[in-house]
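In structure tokens below, several structures.
In the two complexes that follow, subunit A is the common piece, with subunit B as its partner first and subunit C second.
== the complex of A and B ==
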């Protein structure tokens, strides 16, 4: 099977109802939240793709669509050549073993009444695999040790509140690994953790991709944290990807003004290297009433009159580097 | 502080399995209720052995036996049929408890199931079930029960069913709202992502967290059912063959106990009802306090007074210094155990217009230190040493009234988590106005107040037309700005910002940093910026205090901290940062976790995680070494190289 066929997303859209017109409201047309509004990308086997954007850019909705936890409005998702866009629950169950997710908040994503063993064991129980107790214990322990909870025995009987944030996130990762997935979707896995522990979790994900050949989609608002282990970076704004390229292309030669701004505000831990920061004013506009033309133009520091009218298409800069900005049109 | 709060939060969900009994034992209200109920239970269960007379043999009643006052043979007198009131009371307990518990059981099953289904499945099921519940709620229970019981045969079984079938409404509502709350939590989403079906999610994830609420609810439903049965029997609709407390009241009342003055025939069963309902209510309250820690009065209980220390002398006010903290130590009193030394011997000075960064991982004592400055510690916290000199006064020694004049007016705080710190049902402008009035009661409450609110919002970059919006209409960044406006309400000289950017995106974080920096220049503010992120403070602060495990690791000006750090902890923290100029470089992390404050290592607190630790580090705590005028580090390596 060709590598391009691993995970392929084409024209993916998700609109949420923003309240139907009520009996007394003046507008009669239904309004929609354009959470994800036409996203295309492919993911190769054991590749790490970083999806970067501010809150409200649709990156979390995108992850729920990929997990089949939300139903897309339009577009297709294919995995290993099969269309998985609108699977029924029982059809998706098999697939869930292959695509697993790590959530943002390790304080919230673990059930406080379960022990660590029950949490890591739960996926096996749900899928009815490894019914033999010894085999199950072995898989649970292996997943925990691969996630850096060594020795596993120490943690098995504990409850989530007895662990630190970093350890909890490792438990979440172990519960995903126990199914031996091929894709790991990590939604802001480090943003709730202390800086000193972030590196640990990122290094762990980077290691898993080598030892277990897992592809990772790493969702984050912090471009600074993707450097070491992402192969490619996609920058999202208001439901769309505005720039995508290899990690070095995006970090060293950013083309879209939004990417440039995001890069400029990453804190640098050295006062001697204080740089000119491009601080965008305001916040991501609400995705109900989208701006005309280029979606970024109201906040863009280099917007031209044309940006108000025409919605830029992807410009192909290199084979791997694409960006959607009128300034790049030659 | 953070660890304290977290533990507290999680103890709510420790689950019924672990420490429930441990904490319930300490709840005197709950225990009293439990004992009260146990007494009645024992009486009811062992009734045949305790009762002095057989309550069923009424055939031999003679006129002389009726309504006898309490005497040696009949401790509580006799009733209208010449029966022993004490014995009837005990057998009556059986009937009342049986009705109460069985009816409540039916109510809980119905209410629990409907609430769970409505909450979990939502949509149409929710709509149908909850509207039906609403209808049931507005129908007055008792008259309906009376009508139904009057129409059916008044047997004990019928009464149990009628009370049970009508008493489920509140349970359904309570269970539904708890189910909704649990359903929206991330671990349920994670279970779905794993591939778990609905049944699995309900049984494994929803039920364990709904159970505690259901237990509390059960206690209240039982007491309601007992009251309903008593009322029915009193009205003459009870089962005439089952002599419950309500039935005893009914007979006594209907057969002239009042006119004869036979108070005992009325008081005794009445006492039984009150005793049981009171016991259940107390038990319910005790259970709720144990299972629902949100009822903890954390910051509202007054803190412990600071220990008077001899070192606490108002120091000579140095030029330009606004706040000087000297050797401050804070303990958390831990019942029965050694106190947790949350902050130990920390000193720093803050000059006018200066911005100092207070940096450290979660649980390193930085929030405790910050709260100690204004004596806002939770009740277990106590300043045990040191002084906080603010413009010539030692804040640790001021009375509460004097301190209240300093709080907010001279030193104010921007709290972490802007969403939780704002009241969701009042407009932001209103809340800022309230902050002004509360601290400056003399402020005119007319247009000038509104103008002041608009000024403050303008100062933090919020347009005046957002004044009358509610917090949920604000974005995360705007809420943080509103919090800053509120902190500025009384023109303070010092602002303590506790992780003001932690939950925000990098772009919004940059906006807030820029705002704080500009306010400092515009208003001459001094700012203490508390954060776990060394990168954030590098941009704007003048000095940095790095804390670890409650002690000062290193304290220096910003350039020294980042370019010539001497403490291994500072060095490791800086290394943990991704370097954008070398994107391919592997990130370094600090293995291990900060020490628990109740289990500190014997030597240097960082030694177990320190890459450079040697023997001495594990046995001896390093002193604070003055490296230059503005550079302090506490590390044995520094001493060796001096």
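== the complex of A and C ==
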């Protein structure tokens, strides 16, 4: 099986019903929120892919689609060569062992009435792994220590409210690791944490990828935080990927004006190295009524008349670096 | 603070509240207009001397408390009387000896009268509450699980209607319906039943209980349905439910292991408060169905200015409310680990 077949997403779309048009509205056609609108990418084994975008660009919906927690409107997801786009609940159960997720807010994603041990142990019980109690305890402790909760015994009997935000996020990661997944989907895992703890959690994820060979999809709105450990970076805008490439290609030689704007506002520690900041005007357009042509054109600082009309396709810049912008068409 | 200190403090507060109720209870009824000696025996031919004898017998000739002869109308009296010889202190002294006094109307000890009535009320409330909780919670779970479908809408609308119904009105309607369908219209037993075999007595009791319990269940079930539904919907939208799903738990496992325990928390409070207040709240049901319970005892006692009965009943209700809240507190610490340390 080639590495390209590991996780492959083709033309993935998710439209949410935006409700019936109002009583007085002129249109009678149903309206949809185009949360994810045609996303393609592949993920290789033990690779870290960073998905970057503003809030509302569809990155969380994309993660729910990959987890099978939402049903895609169109497109396919294949994992290890099998189509996993529309699986029934019992068919998906086996798959859930292999793809695990870390949610954004560790204050919300832990059941307040369970102890840490129950939380980390539960996935094993659900999947009937390690029927022997001692073996289960071993795995629970191993996962917790891998997630940086050392020594594990101290934390086992505690409740989530007795832990700090960073510790809670480690519990969430431990509960994902205990199933020994092949892909870890991390949806803004550090945005709710103190800045001092963010680096620790990101380092932890980077470490896990080396020690456990886990592929990580790291979803974030902060392009600055991915530079540490991502192999590749995909930039999303309004439900689509606008630029994808290796970390160096995207961070050093950004081609899409949106990526350039995102990069220009990352603070640089050296005060002499001032860059010109590109501040985008206006808000992200409403995902119900999308702009015509290139969907970035209303905010694009270098938009041309043609951008209003034609929707740019991916331009292949190098084997790994693709971007969708009319300026790149030669 | 450790657990025992918290427990002790809670008990302390409960006792303090009961003390406050005891004091308030006494003065509350003395402010009511009307002369108990006259209201108790409604006979216009009653002579002045006889009334005076009645007054002395029930201790109504003594001043209410130092400086006050009576409270309605307010009559200021001497402040030099022996405080132990006032109505208030006699009431407190009797209460400390477990003595609730004698009913002005029936001349029976209040304790005996109320305990007999209380038992009937507990029977009615017990059956009604258990049914309301079970059915209400199940409806609430179904409605939340099928949220925003037609099942959910039917559940919400019918619950809102049932909750808004005046209790006495629903009772009267059901009474009309029951009269057409052979249900007894009043009381707890058919006269002469006590000579029948035990099984038949129970059957008779069940038939008598049916309509009042049905009224009670409909009214309270609606409340539980609505609270359970909104609470469960809140919990189901939490991230840990999504996490559980991502871990591979089935919908049933999520409901059983994660959602219900968290969603029950607000319900425990409401059940506890209801348990206390429904002791008083059944006044309407008991009056409509002439059920010989505490509620109808209160209703009769108010009409007759039967202060000792009212005092006793209110004290009982207050203790029930306080005790139910105390129990809710304890259940909460068991159900929600966050409460213990805060």
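Heads up, the rule we're going with is that the second predicted complex is superposed on the first by the 316 of 330 C-alpha atoms of A that agree within 3 Å, B and C clash if a C-alpha of one lies under 4 Å from a C-alpha of the other, contacts with A are read in each partner's own complex, and residues count from 1 in each chain.
Note that a contact is a pair of C-beta atoms (placed from the backbone, for glycine too) under 8 Å apart; a residue touches a chain by one contact, two chains touch by 3 or more.
The model shown is predicted, which means the values in this text are computed figures rather than measured ones.
J.: Looking at the overlay on subunit A, is there a clash between subunit B and subunit C, or do the two fit?
T.: clash
J.: Which partner, subunit B or subunit C, is in contact with more residues of subunit A?
T.: Answer, by number of touched residues of subunit A: B.
J.: One more residue to check, A:123. First (subunit B), second (subunit C), both or neither?
T.: both
J.: Looking at the overlay, does A:103 come into contact with subunit B only (first), subunit C only (second), both, or neither?
T.: both
J.: Which of the two partners, first being subunit B and second being subunit C, lies in contact with A:89: first, second, both, or neither?
T.: After superposition on chain A, A:89 lies in contact with both partners, subunit B and subunit C.
J.: Based on the superposed arrangement, let me know which partner A:175 touches: subunit B (first), subunit C (second), both, or neither?
T.: both
J.: Contact-wise, after the overlay, does A:277 reach subunit B, subunit C, both or neither (first, second, both, neither)?
T.: Only subunit B; A:277 stays clear of subunit C.
J.: For A:262, decide between first (touching subunit B), second (touching subunit C), both and neither.
T.: first
J.: For A:195 in the superposed arrangement: first (subunit B), second (subunit C), both or neither?
T.: So A:195 only meets subunit B here.
J.: Based on the superposed arrangement, let me know which partner A:161 touches: subunit B (first), subunit C (second), both, or neither?
T.: So A:161 meets both subunit B and subunit C here.
J.: Considering only the stretches 45-53, 171-179, 297-305 or 423-431 of subunit B, report the one that runs into subunit C.
T.: 171-179
J.: Which subunit A residues are contacted by subunit C in one complex and by subunit B in the other?
T.: Shared contact residues on subunit A (touching subunit B in one complex, subunit C in the other): 67, 69, 89, 92-93, 96-97, 100-101, 103-105, 108-113, 122-123, 126-127, 159, 161, 172, 175, 179.
J.: State the interface residues of subunit C toward subunit A in the complex, per the touch definition above.
T.: It comes out as residues 238-240, 242-251, 253, 257-258, 261-262, 335-338, 341.
J.: Note which residues of subunit A are touching subunit B in the complex, please.
T.: Answer in residue numbers: 54-55, 67, 69, 89, 92-93, 96-97, 100-101, 103-105, 107-114, 122-123, 125-127, 159-161, 164-167, 172, 175, 179, 194-200, 202-203, 206, 221-225, 227-228, 247-248, 251-252, 261-263, 265-272, 274, 277, 279-281, 283.
J.: Can you check the complex and tell me which residues of subunit B touch subunit A?
T.: 6-7, 10-18, 185-187, 189-197, 200, 204-205, 208-209, 361-362, 475-478, 505-511, 514, 532-536, 538-539, 558-559, 562-563, 572-574, 576-580, 583-591, 593
J.: Across the complex, what residues on subunit A touch subunit C?
T.: Touching subunit C from subunit A are residues 67, 69, 89, 92-93, 96-97, 100-101, 103-105, 108-113, 122-123, 126-127, 159, 161-162, 172, 175, 179.
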